[in-house]
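Order as written gives the chain letters A, B, C and D; numbering starts at 1 within each chain.
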């Protein structure tokens, strides 16, 4: 239907929900912290839930926020489709929803109607930017080892898709395996793959943690990261940007977890009755040796 | 005891000869060396099909990767021998791994001497791990809570505890003297491999030669009988859970040392399953009363080799899970067939 | 013939256990099956019922060739079995245990009321009044055995097999059982009866099949074979006579008291037990089932907590909290239930035997293998344990041989006092005489023995004096010259006319 | 443990459940509101179902670690099949669950591999198959038929998944307490070898029990798919532990031979309620429990319940 997303009245303070999807990696934890800090700064009450990586539990979490009568729900949906029922339930209860960092299936729910908007970056685009940078800066082709995120998770799927599709002739992925977004697993997988493919000269990791693991693996194998093998990453945390400065990581696309300010600012705009664009895009930086030194201080 | 020597020996006493037919002999062989056969065929497969497999690096790589699993699985073997199970090993790894850097990074209390800091970082986490193990054993022996549930408590809570230590933040560091346990070499052999070897030898010796080893098996095999024979069954169990905790603690510190970082949320996840699988593939029954230490080592090696084989040959994660499942069943089945001849 | 098993062969791990063994049972006949421990009786039975698969041979039952692959098949064909080591399902109620696998139904649902009523009726035939809704584990070994028998004989079977059903029963219960067997016989049902108590065989059996070392040695009408002949063909040699020694001599009140227990109390089962064991004597402990003998032994040994009373060892007051404390004082306990409290099934004969002596075999935490091996070899030989090697898992041994290993477990600790609870339960006549003789000789060497036994003959033969328990209280101490079957019976029945556990439990 | 003590332990669960509900009702607004109750019941229906299957398995002395992965696989199968109609979707999901159960049963009874190992392996295999079948991502269900009604609609005021739970538990109770097979299941848990000697069809019964557990996981998978519009290959991780904990909290011994259907339900609801209470507590704003405290609280809660039970069930004379 054409029904509008539920309205939000203007008040001094709000009780808002933040339904986090999991907190088993530094990126998520930084995101949560940013939301909590911003809520505290504004003096809002934040109802925080953690779905521990389960979409089904996240739906239940959103329902319990509805039962508690929150004014607005920030939802970082674990998955595109399974969270639709949560979005719908909130709408039915007259509670506006703002999606963070991942979207829901556009064919089943629409911004402006079913939820207010989606704030976040584009995972496919992140992968694509990495591929494009590589092809500009490393002429003459490359043999790439790809460290994928957790099998079945949407950032893993999208960052792979964006990267793989943007690769041109001569740039080949010789091995691609899941490192589970984790440093230790990323290291172990990188070690094994480097052993099987000693001629690989690029490692593309779907997040910083696995990239750091890959660097350990390279050093253990007696290779010099940045020289023998280029390491590429996504997320752009301080440790990774510092690694760019040190020459260990060649380049990293930012995917900033500090959603707090932008999320609450968007909420305020919505309360004022402003028309919100369907996708509030995060502008993600790109760190490479050219700018890393200047930017490292501002990395998250 | 002179009476005994004068006691008549009855006609039916003494050993009876044992004959196996060819089929039984084969089965017995398969059972005893089944895991070894699986291991050998995996090796052969790799030599033929996996690029660059035959290399010195391959060996050290696999040894270093398997080291932590083996260390944890040694504790698990003992725990399983007492008829228990320890689901908390992964969480205990996280706790020890989270504590160590906090200590030498002076995040808890400033420690004046650097050397002292590192020394404490190498010991205090093990104490914490021992405490966790003691807690498991306490629940199991004091309240008679079944091991799988008792250790489930720390499985759930332990990782959270580790995260609260670190405020959920990643602890990165660069501390070569501490990282020696994960990255160092002694005579060209990685330190973690040496640690693994020591732990294996000690466990093997414990089970095969010491009175405690015998007591562990007796407690696992028939606790009532053990108690009536004068064995402090509760004490033995508590000790074993402490040992399992300490070994998990060692593994946790090694992992953290290799990675220059401790990530309380991730260190040791799924370790309990890897360790249990290694024990099972190694031929130790989960019902207790037995411990096949070298079998566990072999089991861990098999699983490690499966992992690298699948990785190196580009088998996607999802398919790898299915293959791993089939191999576990096959190996355990070979063992159990031989048991029954 | 109702049953005819021919040329049965079976081997375990290459050890042949049955060699061309055969067995026949005629309709309406009570057939005894005897043989030494490990002769293969239980194995023969398990092969018949499909619990084990035979290697070769043929089985005919009721005119047809059969080869059951599981006990369920044999049961369906009309063979009911009471197994030797069977403990039924301990957490299930008595009624459920009796009717498991053939529960009465109503519209497909369990007919609980009928099940309860019929169970009570069946048990009444065995002179048992029990609360059939209580879990089986609440009852004593004897009651459990009776329930197992009740389960067996109510299956409307053509053949009822009982593998040592009487080993944990007292005389009265054995009498009830025999009445049942006679009733079955009158109904044309055959019984296969295994027992090590020869007098029982003569009391109830028509014919006897004798097994030795996995072979069938002979088959005779019971009336045509004398005890001596029976024992000789069973053992393959003459029985070592157990001399009922002259009981007076050195054994008198001049020996120092080793154990002195006074007014022991624990729960509802032990309510005032006093007893004495002197150095170098065998003290007997008699009583009906449930009289509290086992509990008394466990109290003394520190296995159960004591509510009141005193125990002094060599004049010193003791307060054992764990068995290990008693063991340190040189006390050993061979417990009554071998399977539950005795053997460690997965461990070898060697490891089982040296379990209690581990602290002494330990050199810097390590087991001294040479000494261990020497001890084990010596005891295997001395007690005539039949095993393929000391490394054989004890679970593979026959019941009687397991018992010998357990006895050896304590003998090798060189104890001062050995408490033996039903030491000859399930042990063949040959070995039994040897064990009693051994205990006697050890006593002569200075060992004190406290022997619990339900076999009055055995007590009279072996004990220097007998303390009689009744309903948790010690009611009499009979000196050797006062011992007689009647006297014991009278004292045991002392203020205990009820005898049924249910009545007391209620 | 004598049975009267077990009954006490079970009473303990029900008391704890009531206490927690009372606590929530007094402390939080909206806690006992219809919306919250229904959404709580609906979400926990999946756990209640796998816990029921697990309860039966545990009563036989076994364990089924594959339930979570089987549910995930079933949800994927249901989603894929739902394009051929709602019946196909349901059938697809249930058959996937049954297939896992069948493999468990066959491996355990046929190959005689210990349940822990057998189901550990099928857990991996089901997880892998779910990912393969789904192509590593969630699979949409068909929205043009009424497959989604299972998860969305109410019947007589209750969500359909709740009705499914009611029926499953009634069937479970009937089977355990009123059908002969229930007694046999418990007898097998008391001692498999003995049960076999008593003439029970042990293998057949065990196979049935693992099939039932698979069926329950399959049903949970169908509910998962239809209530979230997608088959999710990565769901179900850790469900087996939740189910085991529910069963144990419900007073069923892991050693087998005793068990209660009703108390299992109470156990499942109790553990589910802890999550809800934590969520509401966070809403109070008094203490904002950071995510790392949540597992600590859940662990402590589990600890409190099992220790309480142990105390209730503890026999005076502790002869081990």
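Simple rule for what comes next: a contact is a pair of C-beta atoms (placed from the backbone, for glycine too) under 8 Å apart; a residue touches a chain by one contact, two chains touch by 3 or more.
Source: prediction; values computed, not measured.
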Of A-B and A-D, whichever chain pair has more C-beta contact pairs: A-D
Centroid comparison with chain A (C-alpha atoms), farthest chain: C
Computed distance of Cα centres, chain B from chain A, in Å: 36
Centre-of-Cα separation between chain C and chain A, whole angstrom: 71
Centre distance in Å when chain A and chain D are each reduced to the mean of their C-alpha atoms: 33
Approximate Å spacing (C-alpha centroids) for the pair chain B, chain D: 29
Touching two or more other chains - residue numbers and ranges from chain D: 131, 136, 290-292, 294
Multi-partner residues of chain C (each touching 2 or more other chains): 303
Residues of chain A touching at least two other chains: 23, 29, 151
Chain-to-chain touches, reported pairwise for every pair that qualifies: A-B, A-D, B-C, B-D, C-D
Interfacial residue positions of chain D with respect to chain B in the complex: 63, 107, 111-114, 116-118, 120-125, 127-132, 136, 241, 244-245, 248, 253-255, 290-300, 302-303, 306-307, 310-311, 314, 318, 320
Chain D residues touching chain C - in the complex, by the definition given at the top: 2-3, 174, 177-180, 182-184, 186-187, 189-191, 194-201, 257-258, 317, 319
Complex interface listing, chain B residues touching chain C: 1-21, 24, 209-212, 214-215, 217-218, 221-222, 224-232, 289-290, 341
Contacting residues of chain C [partner chain D, same complex]: 49, 51, 70-72, 74-76, 81, 83, 86-92, 96, 100-101, 103, 105, 108-110, 135, 137-138, 151, 266-267, 298, 303-305
Chain A to chain B touching residues, read off their complex: 23-26, 29, 151, 175-178, 182-185, 187-189, 191-193, 195-198, 209, 212-213, 216, 220-221, 239
